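You will see two complexes here that share chain A, one where it goes with chain B and one where it goes with chain C.
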Partner chain A sequence: MSKFTFPESIRSRPVYGTLEPRAGAAHLLIADAHGAEAILDVATPDMMAKAHIIYIPKGEPFEDKLRALKPAQFYSGPTYAAAEQRIHKAFADAKMGLQLYLSGTEGVIGQAQHAAMQAGIPHTAIQTEHRGSTARRMQCVHCKGITEDVDVDPFQCAHCGLHLFVRDHYSRRLAAYQGVCIDAEDPGNVPPSKGIYE
Partner chain B sequence: MTIQFNDETFRDDYSFKNSDWAIKRFPFPFHEDSYMYSVNMEQHRGGPDGSIYEKRFDVDEHYVSEMRDRAMVLADDPLRCQSLPHMTLAGWDLLELIMVSKSEDYPDLFELHRNGDKWRWVNKPMGIDDSFTFLDEATLPYGPMEYITRQTQGDFCVLDQRDDNLWMDAGMITTQADWSLDFDIGMNFFEWHAPVPLAHEKGIFVRALKFLLSIQQGAPARRLNWTMTVNPLLDTSPENYHKWGIQKTSVTPENIGAKQHLRVELQTFFRLPRSNALVFPIRCYLCCFDDLMSVPKWGRRLHRVIRDLPEELATYKGFIDNRPMMLDYLSAFDDGQPTSMGIWPDRDTEPPLKT
Partner chain C sequence: MSGAEKIAVTVTDIVPLNDLVTRFEFKRTDGGLLPTFSGGAHTVVEMRDTSNGGDITRMNPYSLMSDPMDQSAYTISVRRDDEGRGGSLFMHNNVKVGDQMVVSNPVNLFSLDLLAKKHLFLAGGIGITPFLAQIKQLERFNGNWELHYACRNAALGSYVDELTDHYPNATHVYYDDNDQRIDLVNLLDGQPLGTHIYVCGPKGMIDWVRKTAAGEGWPRESIHYEEFLAPQSGKPFEVKLAVSNIVIQVGEQESLLEAIERAGVDAPYLCRGGACGQCETQVIDYTGNFIHRDHWLDDAEHASGDKIMPCVSRFEGKVLVLDR
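Here is the complex of A and B:
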């Protein structure tokens, strides 16, 4: 799958790079869906001998290929929430020299990055690469409800029902974009939804 | 002078109003007949007698009612006041700065008695008389930042300084111009300003940050900023935007003079001594168009500024839809005569409106 080039945006919006193999005492790789392809690109036999891969397939067919890399530890789980305790334990158990590789959708990259920073992993040890869906994890500023995988704008909040404009303003602490009521000044005047990058 | 505190509201029936004294000292934010972003900083070392610049933390007739409004906002949404764990010391620094400043600047209203770390704080307008141990959180009913900012007008951003940047790591934000502390907490200077149009391209934030990073203890700075608000609503938060946004459509040619308020922020910047944090109070002053027009110079100038403001700024400040109606109203107060430089009303020297 080809990589999506995000348009120029505001300063709070995250930017992503390309994973590179780095020397490290241990390697933790967290990915979802097409993020697996970034792992397949970056993996080396040397890295895999000290690697822990945490993967959330979201219906994509990469699990067997990842297992074939023969990482020292491998986990596949249904959602980020399901994997979260394992991720926290991996950070808690981490020693100096851990290298962290995050790839896939913005939602998983953002949440894992936040967890890593909370655990005190230096940002210089974290690499990110976006792959696959450009859908966003979004917080409704009104009800504070989080919705995963929002790919259209405006978007009707799954929690409070307000129609939201999906801003580019992004909080690393929440790992989410901000959604703000779009028809507050003209109730009912909600433009038709279209893809966020259309 | 002794301040007569108003009993007024900033919601529902909106009984807020400015006395003649408050209008006269209103911080009109335009020093010339046009406006564009700039790093308009100056030292915060007093100002003309009775002006809002005179004291370190200005107290005015709205104090008691504003604090009551803040308590209501916090009861509804406690996340308007947050402090990341490493910011507690900065909170004590802020408490000290405000208590010392207010007790020195308004000895008839506030008293601070210190005996080592045993402190007694008396806030007469709010009927508070508390004794506590400085740096011992267990001796106050709230954390130090929340305790003192529940008693001080204006929003407060407490910024940690590290990695050559400022980080929004604590704040008391209940009178904000449409931004969310709960969303922005933990962001750096460029990130929390990210949604502001034009200013990044003009290099405003790079220069402003450089200035702020080098602010020293005892040498605070200040600037004015502004926006527009319909009704004297302090809590123009994004959280409640779906409730208050509709009020913008309630403006008519008949009521615009009373409903449309110029909202001015006096932003000040103080270095804090123990934490090396920077506190950034954002004090909100509101004045309706009718009251502003009582100053001929302000009438002429406001018309010219609003008329010539770039569309992006009118949009960002949220009044693009109402601008034509504002201009209809304001143009009646602009007779084309020149205006004097500076923000002051100059009532004695500026000519009355030609009719």
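Here is the complex of A and C:
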């Protein structure tokens, strides 16, 4: 099951929609893992004739299906970091009228959205659809280190080792949720971790 | 008191630019500095007309065209509208250098989006004025801008010479009388990512630009527009103001908002041109038809009969009761 309904939360928490085809001079689609399924749902032959798909499979078996859509350009890379140069180049070359579609995990959607905002696309003009893992990209508010793919709460910062409470407070600038020390008042009193949405 | 804070000013210069447009300069009467503003801001000018034994106060919004950082004076350019209710005619015919007037603090409903990578300005006729201030603002930090300015002909092309002289590479002028038109689809095609469009001019031009850009896949957030509506005259009508518990008459040549103010009721307003939404008023009861002319309420709200924007909209009918 690649779709998940997130519980209602504070205003800071990103809300994802369902991709829909829009008129445009060019289409840039960036996805990871099960995000490919959202591209397969939204793709039309007209769109694909002007499309550039950047895909990070993370071991999921969708690459052949995406290639079969016959996009004008297709790239597959192992991580967001590996794809980042190509993503920045795609934005640098893009003209107004570009339509941007982001799908997959929150970490990849958030980082691609941040790159798009830097390139001048208003964040409200970017279509996003969440698919697959509900793990989060977390920033430790204490050491500022980023821990990717966090799916339990509390979790231990991969950089400074503090035990962090997973907040819904999100930063578009950092493309990360905020993790705050859970035992600051009473060191050592760390509740057992459980799934973020359990 | 409603509206933005007011400033007592003296008219210090009047320059006729062409057959239709005259420029006015205001300085503070007390000799102090005026507030800075941001490009695209307007001021509401109060025009007290006591000619022919009457006493009418009109308040019209005009875009500020001077340098937003220049606190010594404000300048506006007024296009004479012979068909209008007389505000622009009053400015042209009655106002003299040395006159004392009242203007409002600047209010900006048409500001630059400073996240834009490039600013693409589209002006029609007197719609050039807000861009003159925006260009001065952007020039201070080397902003990336380009102007496409359509006007009737060279004789009526206000500020064409100044713009083409100072910014020959960024200014593109189109004269209707020479069958020159902005080739919009071509202009939009290939603009760098992060370009924002600003359009100020007649309604038809604004609609054309918004529709064309949307069709080319431009985000709504990247398209900015401003059109001030002048209130139009119409049949007189009667209104009951429920909160104030009075019945007032709206004359042929005054707006509903002006009639409410004339009755001594302090009603909220800001732009007086149907754009900002400040004067939105609840309708309690009515029998008749609304003549909605604002840009603020949507079609469903116009059809509902629940709300009216008294700065530009009117009413024809027997009964109108407002929550004011």
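Note that in this section the second predicted complex is superposed on the first by the 193 of 198 C-alpha atoms of A that agree within 3 Å, B and C clash if a C-alpha of one lies under 4 Å from a C-alpha of the other, contacts with A are read in each partner's own complex, and residues count from 1 in each chain.
Note that in this section a contact is a pair of C-beta atoms (placed from the backbone, for glycine too) under 8 Å apart; a residue touches a chain by one contact, two chains touch by 3 or more.
Just so it is clear, the model here is predicted, and its values are computed rather than measured.
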Per the contact definition in the header, classify A:Arg13: touching chain B only (first), chain C only (second), both, or neither. first
Touching A:Thr124, do we find chain B (first), chain C (second), both, or neither? second
Go through the superposed model and pick first if A:Lys3 touches only chain B, second if only chain C, both, or neither. neither
Per the contact definition in the header, classify A:Val180: touching chain B only (first), chain C only (second), both, or neither. first
First (chain B), second (chain C), both or neither touched by A:Lys50: neither
Per-residue touch tally on chain A - higher for chain B or for chain C: B
Have a look at where A:His88 lands relative to chain B and chain C in the superposition and call it first, second, both or neither. neither
Based on the superposed arrangement, let me know which partner A:Gly24 touches: chain B (first), chain C (second), both, or neither? second
Touching residues on chain A, where the partner in the complex is chain C: 22-25, 91, 94-99, 119-122, 124-125
Per the contact definition, I'd like the list of chain C residues that touch chain A in the complex. 115-117, 188-195, 215-222
Any idea which chain B residues touch chain A in the complex? 180, 182-187, 190-195, 200, 238-246, 248-249, 321
Across the complex, what residues on chain A touch chain B? 10-13, 139, 141-142, 144, 162, 167-169, 171-174, 178, 180-181, 184-187
